[in-house]
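Presented below is the structure to which this report refers.
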Amino acid sequence: MNADLLSALQAQRIETPSWGYGNSGTRFKTFAAPGAARDIWEKLDDAAEVQRLTGIAPGVALHIPWDEVEDYAELKKYASERGLHIGAINPNVFQDEEYRLGSVTHPDEDVREQATAHLLDCVEIMRQTGSRDLSLWFADGTNYAGQDDLRARKRRMRAALKRVHGALPDGSRMLVEYKLFEPAFYATDLFDWGAAYSHCLAVGEKAQVLVDLGHHAQGVNIEQIVAFLLDEGRLGGFHFNARRYADDDLIVGTTNPFELFCIYAELVSGANSADDLTRRTAQNVAYMIDQSHNIEPKVEAMLQSVLNCQEAYAAALLVDRDLLREAQERGDVLAAHRVLTEAFKTDVRPLLRELRGELGLPLDPIRAHRESAYEEKVARERGTQTGGGGYPVREKVRS
Amino acid sequence: MNADLLSALQAQRIETPSWGYGNSGTRFKTFAAPGAARDIWEKLDDAAEVQRLTGIAPGVALHIPWDEVEDYAELKKYASERGLHIGAINPNVFQDEEYRLGSVTHPDEDVREQATAHLLDCVEIMRQTGSRDLSLWFADGTNYAGQDDLRARKRRMRAALKRVHGALPDGSRMLVEYKLFEPAFYATDLFDWGAAYSHCLAVGEKAQVLVDLGHHAQGVNIEQIVAFLLDEGRLGGFHFNARRYADDDLIVGTTNPFELFCIYAELVSGANSADDLTRRTAQNVAYMIDQSHNIEPKVEAMLQSVLNCQEAYAAALLVDRDLLREAQERGDVLAAHRVLTEAFKTDVRPLLRELRGELGLPLDPIRAHRESAYEEKVARERGTQTGGGGYPVREKVRS
Amino acid sequence: MNADLLSALQAQRIETPSWGYGNSGTRFKTFAAPGAARDIWEKLDDAAEVQRLTGIAPGVALHIPWDEVEDYAELKKYASERGLHIGAINPNVFQDEEYRLGSVTHPDEDVREQATAHLLDCVEIMRQTGSRDLSLWFADGTNYAGQDDLRARKRRMRAALKRVHGALPDGSRMLVEYKLFEPAFYATDLFDWGAAYSHCLAVGEKAQVLVDLGHHAQGVNIEQIVAFLLDEGRLGGFHFNARRYADDDLIVGTTNPFELFCIYAELVSGANSADDLTRRTAQNVAYMIDQSHNIEPKVEAMLQSVLNCQEAYAAALLVDRDLLREAQERGDVLAAHRVLTEAFKTDVRPLLRELRGELGLPLDPIRAHRESAYEEKVARERGTQTGGGGYPVREKVRS
Amino acid sequence: MNADLLSALQAQRIETPSWGYGNSGTRFKTFAAPGAARDIWEKLDDAAEVQRLTGIAPGVALHIPWDEVEDYAELKKYASERGLHIGAINPNVFQDEEYRLGSVTHPDEDVREQATAHLLDCVEIMRQTGSRDLSLWFADGTNYAGQDDLRARKRRMRAALKRVHGALPDGSRMLVEYKLFEPAFYATDLFDWGAAYSHCLAVGEKAQVLVDLGHHAQGVNIEQIVAFLLDEGRLGGFHFNARRYADDDLIVGTTNPFELFCIYAELVSGANSADDLTRRTAQNVAYMIDQSHNIEPKVEAMLQSVLNCQEAYAAALLVDRDLLREAQERGDVLAAHRVLTEAFKTDVRPLLRELRGELGLPLDPIRAHRESAYEEKVARERGTQTGGGGYPVREKVRS
């Protein structure tokens, strides 16, 4: 393996989400997984297992208040002792009873204030945990035409984002996520990348767009959005997962691995761009998993996700960029296409085993995980928690 | 209003689902509605309110075990005293922990047996409640390519349907529902009308296809499926609701009222067909609401749903079928289209007020409901139940 | 009818496209319509018939070079004598053999230059015809991943738009149209409103986004894009048509009339906004038909389109905005929704007959058209032109 | 390479379509490709080039009347001399002016008769060419709700299929293709596999369903339809191509190679089934390319298509079926999924080079093709034919 390839692969990072280690489900049912993590400490233990086996997943995203603790310094220390650090902070403004009709876009100013206050609390948690990124997803929207004023809601969204932007520490960012639908079924306030991008332009330089792979309409070309936002200097990060239908939140790379490869190919291209803004933007992209492991073992699912990203990135690094550009410039459609697909068809697993050997990691992380009996151990220690359907429920936080 | 129109409108029936009166939500959150019904008795009270105001919604579908009671004769009597009757029985084979990988298509025979036994229990409840229709929806499917054998699962499905069909009382039916996706995200075992239809053909005459308006891929022409199944004598019933995206389960008729009208236009056409099988099939269609009222008041939402169906049906009855046929036969594309749209554009609200006057019903059911303060009354009596996300959770039934 | 309503309806304008009067088809076949217009003079005759019958369609969009003439002053005069004026100028940069791999985004600079020169020629035609709007649609895109560099193409697009913007006369505008796909099947360079909007922001104040109703992914909420762009002051105009699947280019309002109503409702709301920018933007929106009448008579299809827009607008004007705002502000989901749907359910045909009476127009334009035997007359005079599949083919223009 | 693998790969067949060697385009433009084949003789020459380089593409599908000749015995001989044989016969019932409102489902009986007569003529061509399969695609459908009676059209379709079925020679089949939309935009008469399957059941044993990869709604799981039809004994064949959006007709395997692999994995599974009907059905599947090479060189595009199918099939053959079944049976979701993906990740190019070596074929067919300068030669000999937009236009055939 050449040195550039080695150093690129060594430098790859995938952040795992605390909530991916706990129980989750669909609106119909949350199946109880034996050993699913019950609190943030156990989630960090699980994340440490993923990091131990892969070496490229040291960051862990928090979700507040699901991961709320008394003492964030202690949490930071706990993470650090396990080779981890705290990644993006994800505020929850969709589970209080007050948010039935929205949070920062709610028609009632008091509710908007409550939601914004929570976002600002999360900025404070960023300071305490040393997190760089505030990751903002809003369930805000409407279910019926006429239910609320679309332009008024847009303005409320902008006002809230502006306030939060003003509170961000130096060197930090807010990542603005968009979504076509769910849980809103008529109109979602941040409905696509264009809406998120427009708000980012308006509120300031620290605001960047976050692309979740499952949040687009059918047929949308995600790598093109990636390329566009890189070129505009406004791509902040990803929530990686896979889908066939809606926001299925499956393991990344499992439904169309070629799409994941094409996305990475744009990122590699951006990171090597002659344009300063594009290159700098590409280099600062936050790569985060955001999945819902409904029927599969949580830790193994996360491990598989990280490995799928690693394989996609490795293949993207193998694209012969000179050959590609030459074919593109002479309008040789099929030759150019083949430069890309030749890289994709390459079996990168031997290469990655070599990398793991050099880094002292298990050559086959899945096998190592299964042989370690980690899953059985935590099942024994933590038991099986049955609960309601859907996502975790927050207990009332502010009193 | 002419006599035919009056008698058709008087004869219209829309069955409401017990679960539409209780709390429901998305995977992210179930918002607690004040006064939401807490058990089947309260659900029947709510259904009686809808029937009192509309006169066309006497049937109530049950969901087992959510609506399980000790004594179904008592339940039947309770319903009957309120001008109601028990409609379709809906077995739940998606919330036991055993069903993580499927129910009747599960790789493990014991689980399949457990699920089939529950279906057979529900047939027994049909007998006890006098219900005509067993309404079968399966969450069964897989999330990842390769997870299970698609042909094996198909055969397990067929075997289970055959057993249940064999147990059906004379004069009763099983309605086989299909769905593109959710909660399964790779393959759903009953994935479209063609799959349901094929199984119905194979298992016997009492098996009919159930069309849920939210269970299709984008762009699918639902009224054409309706027409096709009518002509094949295999349309059993509907689950009415509305969607823009996935299975949004919004109030029927709120996203594309013209589509609802077109569906009713096919049903009216079928009910007037010269073909015996088509006509008989159309006359036996079960019209059922199946919605998830996440943010709106439950009883008013159901009322609105029934009224939307009434308006769509009334407009469909106004189509001038002779004019339509003539225009179709001479290939007059736009004239034929206009015969349909002229009926749709007609404001049927005056007509329906007239109908209600003749039937001694409130002329404006929504206003009558709001003025009755029913919602405030039940909110006071029942309080506000907060709970987990998603759908109701069954308690373990078989021991 | 109150005076405000009357004056609003009198002021409504719908521009018809010259190409809607000629033969058009799908890639499989263009069926020859008897009497289909053969040149721009006949197209203007047909447009005059639509204007004679409706009174709200005096503008006619040109497509260059399909409608190229020696003397535009003569064309302008011809139009004016028929109560018409020249509307938007639509350059064609997708039918020269050189454009196989794109026009302004083509990898070859010479081709880009040729395309840009044509756009600048069209700006000159704007001057000569008094047209306010340059309407830009590009077929540019790629069919295979890797075929060309997505960021490079974006930059080429921006450079071309900037040059054209610089050449625009005072008081004129360029309308930038986007499209999800077709004829490009991997990536379209202007793929959605966000891309068009970003380019408009970058090139200058005269650049505005054009929304074609058939150019979105399934499920996209178009009225929300309308509201967003109005609020940003960047909504320039519409291409009206209808679709169920892709860019079907059917008669506007025929697949989901409620959606068309919701779009008009946002436009009425914007035109009455307290915000200067929003209001001014809404008042300058260009309403244009862009359809492909493959199987139906051309003039009647256009007439029907104009009438469908008139009905949708009339209903949107009936929305009780005070009631709506009150219901929205108190979070009364269903009441707010009903304020909108009550207007939609109103049969506006009597109102529009009244309007036509006051304006001295035929009360039933479709019937008047059919009785006028215009179609038979032009069929006799023009004959039936058979031709190839697809859109008209340009003859080579520059030599 | 083990013997089973070798023999399976040697036995693979992909039929290429005559029309894939001629000019084709979108409704907007058909770009003229230098050297595109001008008649069936040149198309056979091109097909021979593809067969020479791949060894697995000896069959060529005809499209009638595009490929109509005086003497089919001569055509058969011409093919045979080039190592080719005549594959499926594809009647064209969508380009006569009479078919504006449909062919076999047209409201006018004379038109239906004309269309059916053409289908029967094609059965005669089957006899003369020794073709086994009549491949039926109908553009029939409607563009507007109400335009025609959906049930009447269904019955007309069935009647026509029944007549054609009755005329089929022993040992031959009719393959019934379905399509979601295009060129019909409201309702397509054969709208999905369920409709095609229902007709096949009704008309007889020689009728089988044809799956075109681009003819489904977004999100539809094609491999599941394949599995279902195999199990029912009604899968007749494929039209292979790729799409992101609608019926894009791109080179097969270029948008989601994993999907193509999953389809082949079902076919391999079916061909090894213990069930007689399933196995026999799988073994008789007709694999045909159906693409529209709008911007890429025709012969190279076809070559690439055949190679993509070869790679997908090779990978599908590598699936460890025992391991897969074991993992499926124990409900090990991720292990089962990985058995599939391990095969997909394998780089099969070395294996296929080995195969080609053993068969005496060029090791790198694309390179061999480029080095042969075939494309330059035919460009020189045939020139560049410019023409109208869209598909080839038939000249009037019956007089």
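To keep things simple, chains are lettered A, B, C and D as they appear, and every chain counts its residues starting from 1.
What we mean here is this: a contact is a pair of C-beta atoms (placed from the backbone, for glycine too) under 8 Å apart; a residue touches a chain by one contact, two chains touch by 3 or more.
Just so it is clear, the structure is predicted and the values come from calculations on it, not from any experiment.
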(message) Hopping along touching chains only, can you work out the least number of steps from chain A to chain C?
(response) 1
(request) Sort out for me whether A-D or A-B is joined by the greater number of C-beta contact pairs. (result) A-B
(request) Compute the distance, rounded to whole Å, between the mean C-alpha positions of chain A and chain D. (result) 40
(message) From the mean C-alpha coordinate of chain A to that of chain B, what's the distance rounded to whole Å?
(response) 37
(message) Using the touch definition from the top, which residues of chain A touch two or more other chains?
(response) 101, 143-145, 180-181, 186, 218-219, 221, 244-245, 254-255, 258, 295-296, 333-334, 337-338, 341
(request) Mind listing the chain B positions that touch chain C in their complex? (result) 218-219, 221, 244-245, 254-259, 295-297, 300-301, 304, 311, 333-334, 337-338, 341, 344-347, 349, 366
(request) Report the residues of chain B in contact with chain A in the complex, numbered from low to high. (result) 24-32, 94-95, 97, 99-101, 139, 143-145, 180-183, 185-186, 218, 243-246, 248, 250-251, 254-255, 292, 294-296, 386-391, 393
(request) Spell out the residues on chain C that touch chain A in their complex, using ranges where they run on. (result) 101, 107-108, 142-152, 154-155, 180-181, 186-187, 191-195, 197-198, 201, 216-221, 223-224, 227-228, 230-232, 258, 262, 265-266, 269-270, 273, 278, 324-325, 328-331, 333-334, 336-341
